[in-house]
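Heads up, the next two complexes both have chain A, just with different partners, chain B and then chain C.
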Partner chain A sequence: MSDRQEKMRQSAEKLLRDGEVGYVIGWGATRFCDRTTPVFIDSPEGAASLVWNEHAVNSLAKYLLDDKYPDKKIGLFARGCESRAVNRMIKDNQVKRESLYLIGVPCDGKSSDRCRLCRERNPLVYDVLLWEPEANAAPADRFERVRGVEAMSPDERYRYWGGVYDRCIRCYACRNACPVCSCRECYVDMGRTGFQGKQHSRSDNQIFGVTRAFHVGDRCIECGECERACPMGLPIMGQTQKMLKEINELSGEYECGLDADSDSFLGRFDLDDKDEFM
Partner chain B sequence: MSRIGVFVCHCGTNIASVVDPDRLTPAAREMPGVVYAADYRYMCSEPGQQMIKDSISEHGIDRIVIASCSPRMHETTFRKMLKGTSINPYMLEIANIREQCSWVHADKGRATEKAIGLVRMAVSKVSKNEPLYAQSIPITKRALVIGGGIAGIQAALDIADAGHEVVLLEREPSIGGKMAMLDKTFPTLDCSACISTPKMVDVGAHPNIRLMTYCEVESVSGYIGSFEVAIRQKARYVNHDICTGCGLCETKCPVKVDSEFNLGLSKRPAIYKLFPQAVPSKPVIDSESCRMLKDGKCGICAKLCPLGCIDYKDEARTVTESFGAIIMATGYQLVDWAAMYGEYGGGRYRDIISGLQFERTVNAAGPTEGHILRPSDGREPETVVIVKCVGSRDPKKGKSYCSRACCMYAAKHAHQILEKLPGSRVFIFYIDVRTPGKGYEEFYDQTRMDGAVYVRGRISKIYEEDGGLVCQGEDSLLGSQVRVRADMVILETAMEPSQGIEGLTSMLGAARDANNWIQEAHPKLRPVETQVGGVFLAGTCQGPKDIPDTVSQASAAAAKVIGLLNKSEMETSPMISAVERDKCSGCGACVGICPYKAITLQEIDDRLGAKRIKREVASVNSGLCQGCGACTAACRTGALDLLGFRNGQILEEVDALCL
Partner chain C sequence: MELKKDRLLEALALLREGSDVALPLPADDGGEPAFRLWDGVQEPFLGSNTSLPPKELLFPRSEGMYGYNLKTGELSDILPEARTAVFGIRPCDVKSIENLDHAFLEKGYVDSYYRARRDGLTTIALGCSEAARTCFCDSMGVAPGDAPGADLMMNDLGDAYSVKANTEKGEAVAKLWEGLLSKGGAKAPAAPACGFSVKADDSLPDRLTARFDDPMWDSLSKACIGCGCCSFICPTCYCFDIGRENRGACGTAFRCWDSCMFSDYSRMAGGHNPRPSKKERLRNRYLHKLAYFSQRYGATLCVGCGRCIDKCPANLDITRVMDMMEGVDANG
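What follows is the complex of A and B.
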């Protein structure tokens, strides 16, 4: 572990010393031994504060959206999840590949629930790879949880999601953590959309949940950041995964962020689309 | 506060017999923002329109709702009317209380309730309407006709006669299409070539028509009024600028391959004209069979040509041309019956031919010089079986639709056989006989008088036995199995869209129906238009047709094009998508989802705090956008909104209905 951490520090230090990047986004220590925090290192000396351990759980890619027009390249430590997020952001025209320097760090598994469903530990896109790729752990059944909800009767299902959204506090942490949420202004922040109330009520919370699922569902890279960020511990990735499962059943194998070229399922027009519902 | 006027139309008794205007009009008067409401027998009539105009000035109305028929019927009528008033033509909403209410409901009380609801929705929406203004786009006064069959020829001639330039594009070496292959045309039995070749010559000689044969469309961009079309001229290997079409080169070519024009019933050389009356009457070299082009050995045609026209180094060229309008006249092909009907031998029996092969056989210029002979042994057949609906009306194996022309040409084929081969017998197996057309039923009657035996039923199997073909099927009128020993079988096969239609329609953004025919904009009211502005339809590319219908449609499409090209610029609909740049994150979801390729990302200068940045935002081309609204649904942040159907307007309608 410390060997890898050392490689990361050296790599960041060199990039900063050579002026290749303006800053590097990585993980740093906190005063808790079981937590790390995202850090933004902008001097060679600062590289020594980078850490790499099982608690480096945050996916860092989201921060790229805070600096979409950088003067210099941004250095980003990229595991499978960061790289898939980057692919998606490039496809969504939110970041430019040439303004990034991706330091590939194959992931050895982290101590977060969100990693349980990880299907890709190794970065799919990078400028340098700091160590050998890791073997992907056989993930649990991708849609196991979705299947569990599908097995419920409609009434049970309504009670289940109703219960989930009774607890939602509408803090929008899920949106803020999601690498795919990239609107300049989120509809929930708009003064008057006409269909989304600001009240904290089951129906308005549910409208938010459903809208969020539809806005990101066909582009979800299944990183689980929404659930990690949720202070109420709500199983909300189940909704985007339900969308993904439907898409898989409708049009075959579909997974987002594996490359930067694929259109999102709902973002393309094709005369040969199946329109069985017509 | 808006001042809304509501005008309820009785449509004679169409509306008033079910929806009660005496309840609806007072109810409308009570709706928020309504300052005036009235009803009248025919709002679209001259006095009706005058009444609306008078009310607008008298009551200071600034927007109106007309409760009448479908907006597809009279929305434009009322918009035109508003042009002469103080209010913008788009400050209008139509509440459809006819098609969506009085025509479909019987309970008068509840239908009236519903009509009140529909008017309430329209009143709510119109309160959010804003004036919209049309933009003008210039029109390139030049038309492209794709496909040089009779549809393309007719359309090109009509447009050219009206004084506009036309490019007629054909992928084969000659224009003429399927009609040039036919022998006689039903029901008058005039010779197909005699009526089509003069038109072909007219096309070749017309000063306003530029013929581009052996060409294919490579790409299309732009929109109504200014399409940019890249056209690929395939290599001809013959310099048509100097060639006189003397035909000497064709005589000594050592290669013999199946003739496309005679559908494999005869051979042609590698340097060839498609058929003797080809226009242009100059040959091309088929590079796939020419020995010189394949192996570099031969060169006989180059030696023979007195003018030195042969150029083995000729290459395909691509030219880009501008057009104001495009007519699709890409026609049809026959289905590959052999691949579909194993029970008919799957193509193993040479004496089973398609209807089009029979046309070539019976044609005086065809491979047998008009003698009806069996392909296998060149003998005259005594008994001929004609099978109709092969591939048509057969959802399991072929197409579910009716190919429309086969009933008539089957009768024609029977007539020709009985006439040319006295003493012969013809059996026609049919599902139904459909003869809707001038003189068609009479022709069918005549064929039966001639002696053709019509048997109602499908042929289930054809097999060879003792040099003949045994056709086995059911006579469903007798309810018994029948078996006919035939010398020759003619299959009247289904039409399907020409090969390549998918690519072409995708380039244009035009939709195809379930059977791949090009979709018209409206089956009744806009039958020659597509959903893409400036792209029109002629002939069988839209669906199976016979020649009279094809020619009528071609002239109709030409009329539309002439109407368009007569203007120097045209107004585009202002009901298109609009981008709110501040909200747009440039994600491009709208770009991929737009069926009309109307949205592109455009770089703009912007500021981020104190920093000057360049960022991309969506930009809508008003010439291409058809106002379908797909992008507004795809845009997560709501940066795109459809003018005239803004999200806010629609929500207002929903609220009026539900709250």
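What follows is the complex of A and C.
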């Protein structure tokens, strides 16, 4: 572990010393040894504060949206989940590959529940790989939870999601942690548009939940950041996964962020579409 | 006086005859521990503090303010008639209510909705016998074992709770419980040490505001994801927005929780936003907690409950700014 941490520090230090990148996004220490926080290292000396351990759980890719047009490349430590996010963000025209220096760090498994469904520990895109790829652990059944909800009766299902959205505090941590939630201005921040009531009620909370799920459902890389970020522990990735399951059933194997060329399912457009209404 | 632990539910049932009773209750169905109205049966959750603060009892997530009819022009008041006794509230959260009192009841304006709920609220505090690692209340002027602002103060004595009335409301509860109380409970146990301590003395507000343009705000805010989690789980964050919900010609004006961490919070007519990025928003929130409120009301708005440290998705820590200010004076 510490050997890998050392490699990461050396790599970041060299990139910064050579002027290859403006800064490096990684993980750093907090007051508690079992928690890390994202850090933005902009000097070679600062690289010594980088941390790599089982508690480096936060996905770092979302921070790229804070700096879409950097003067110099951004160095980003990339595991499987960061790389899939980057692929999706490149295809969605959110970031440019040439603005990034991806430091590949195959993931050895982290302490977060969000990693439960991880299917890809190794970065799928990188500029340098700091150590040998890891064997992918057999992930939990991808759609097990979705099937559980599908098996409910409509009344049970309404009670289930109603209960979830009674507890939602509308902090939007799910939206803000999601690497593919990339609108420049979110519809909930637009003020009184009439689409979304600001009051905290079951129905307005549900409208937010449904809109969020539909908006990112066909681009969801299943990183689980929405659920990890949720302070109320709500099972909200089940919604985007429901969308993915439907897409899988409609059009075959579908997974997001495996490359930077694939259209999102709802972003596809075909002149020969056999649906007449098109 | 003391109340044997095995009589606690009886005591709460007595309270429930005259008012609603709110308790810290465990996560229901996978949620988070929170203060909720008691059904008369559930066991209270007393192992640690709740993830959600008790502020909802006084300042609900959403509340109606008045109704209107656009055809007739009629207006109707909606004033809450809440009578609630809350048991198991911790000293940090009692302090947070004192802070809400400053904000909603002082400086020339009395918020009638808050006033009505506050008048109907009886606080029965429970001193902490164990501190969480995120607790730092004793650095913020709160004693984890004592809440002088509570109506009734209780402490865990092992097989009983000590019971001490601080106010008339508290004495009324003690009288109600007369048959259940026994002699004893004179000596409260030693309060636990907090998880960690920070330096937050009287000069902190001025030292912080003098650093308004300091580059430290850039570094502090970089990892922030800009959600409202910290505001909503904070026991003292009290900002709200006002909106209207129409049903045909009739409607209700409501207010609901809002957060200064959101972009639309500070957006002005015409679209200008004086706090355009998370740097300005985070700075505002920290300064409100640690400086502005103190300068206006003479009390620190952060009570050291540690909820924001525990729940921040990016593991930001408000006490880092206090650490950074150590040894820094207002002039330099």
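Here, the second predicted complex is superposed on the first by the 270 of 278 C-alpha atoms of A that agree within 3 Å, B and C clash if a C-alpha of one lies under 4 Å from a C-alpha of the other, contacts with A are read in each partner's own complex, and residues count from 1 in each chain.
The criterion applied here is as follows: contacts are C-beta pairs under 8 Å (C-beta built on N, C-alpha and C of every residue); 3 or more make two chains touch, one makes a residue touch a chain.
This is a predicted model, so every value here is computed, not measured.
> Mind checking chain B and chain C on superposed chain A, clash or fit?
fit
> Now for A:263: first (chain B), second (chain C), both, or neither, which partner does it touch?
first
> Between chain B and chain C, whom does A:252 touch in the aligned arrangement: first, second, both, or neither?
A:252 sits against neither chain B nor chain C.
> After lining up the shared chain so the two structures overlap, which partner does A:187 touch, if you call chain B first and chain C second: first, second, both or neither?
The answer is first: A:187 touches chain B but not chain C.
> For A:176, is the partner it touches chain B (first), chain C (second), both, or none of the two (neither)?
second
> Let me test your reading of the model: by the given contact rule, A:35 touches which partner, first (chain B), second (chain C), both or neither?
second
> Which partner does A:92 reach: the first (chain B), the second (chain C), both, or neither?
A:92: touches chain B, not chain C.
> In the superposed arrangement, does chain B or chain C reach more residues of chain A?
Counted on chain A, the partner with more touching residues turns out to be C.
> Quick check on the superposed model: minimum Cα to Cα separation from chain B to chain C, whole Å please.
5
> If you lay the two complexes on top of each other, which residues of chain A touch chain B in one and chain C in the other?
After superposing on chain A, chain A residues 185, 190 contact both chain B and chain C.
> Quick check on the complex: what are the chain B residues that touch chain A?
502, 505-506, 511-512, 582-589, 592-595, 601, 608, 611, 613, 615-616, 630, 634, 636-638, 647-648, 651-652, 655
> Help me check something: in the complex, which residues belonging to chain A touch chain C?
The contact residues of chain A facing chain C are 30-32, 35-40, 58, 62-63, 66, 163, 167, 169-173, 175-177, 185, 189-192, 197-201, 228-229, 231-235.
> Would you tell me which residues of chain C are touching chain A in their complex?
Result: residues 27, 29-32, 51-52, 61-62, 133, 196, 219, 222-223, 225-229, 231-233, 241, 243, 245, 254, 256-259, 262-264, 267, 278, 309, 311, 313-317, 319 of chain C touch chain A.
> So in the complex, the part of chain A that touches chain B is made up of which residues?
Spelled out, the residues of chain A in touch with chain B are 68-69, 92-94, 182-187, 190, 193-195, 215, 263-264, 266-269, 271.
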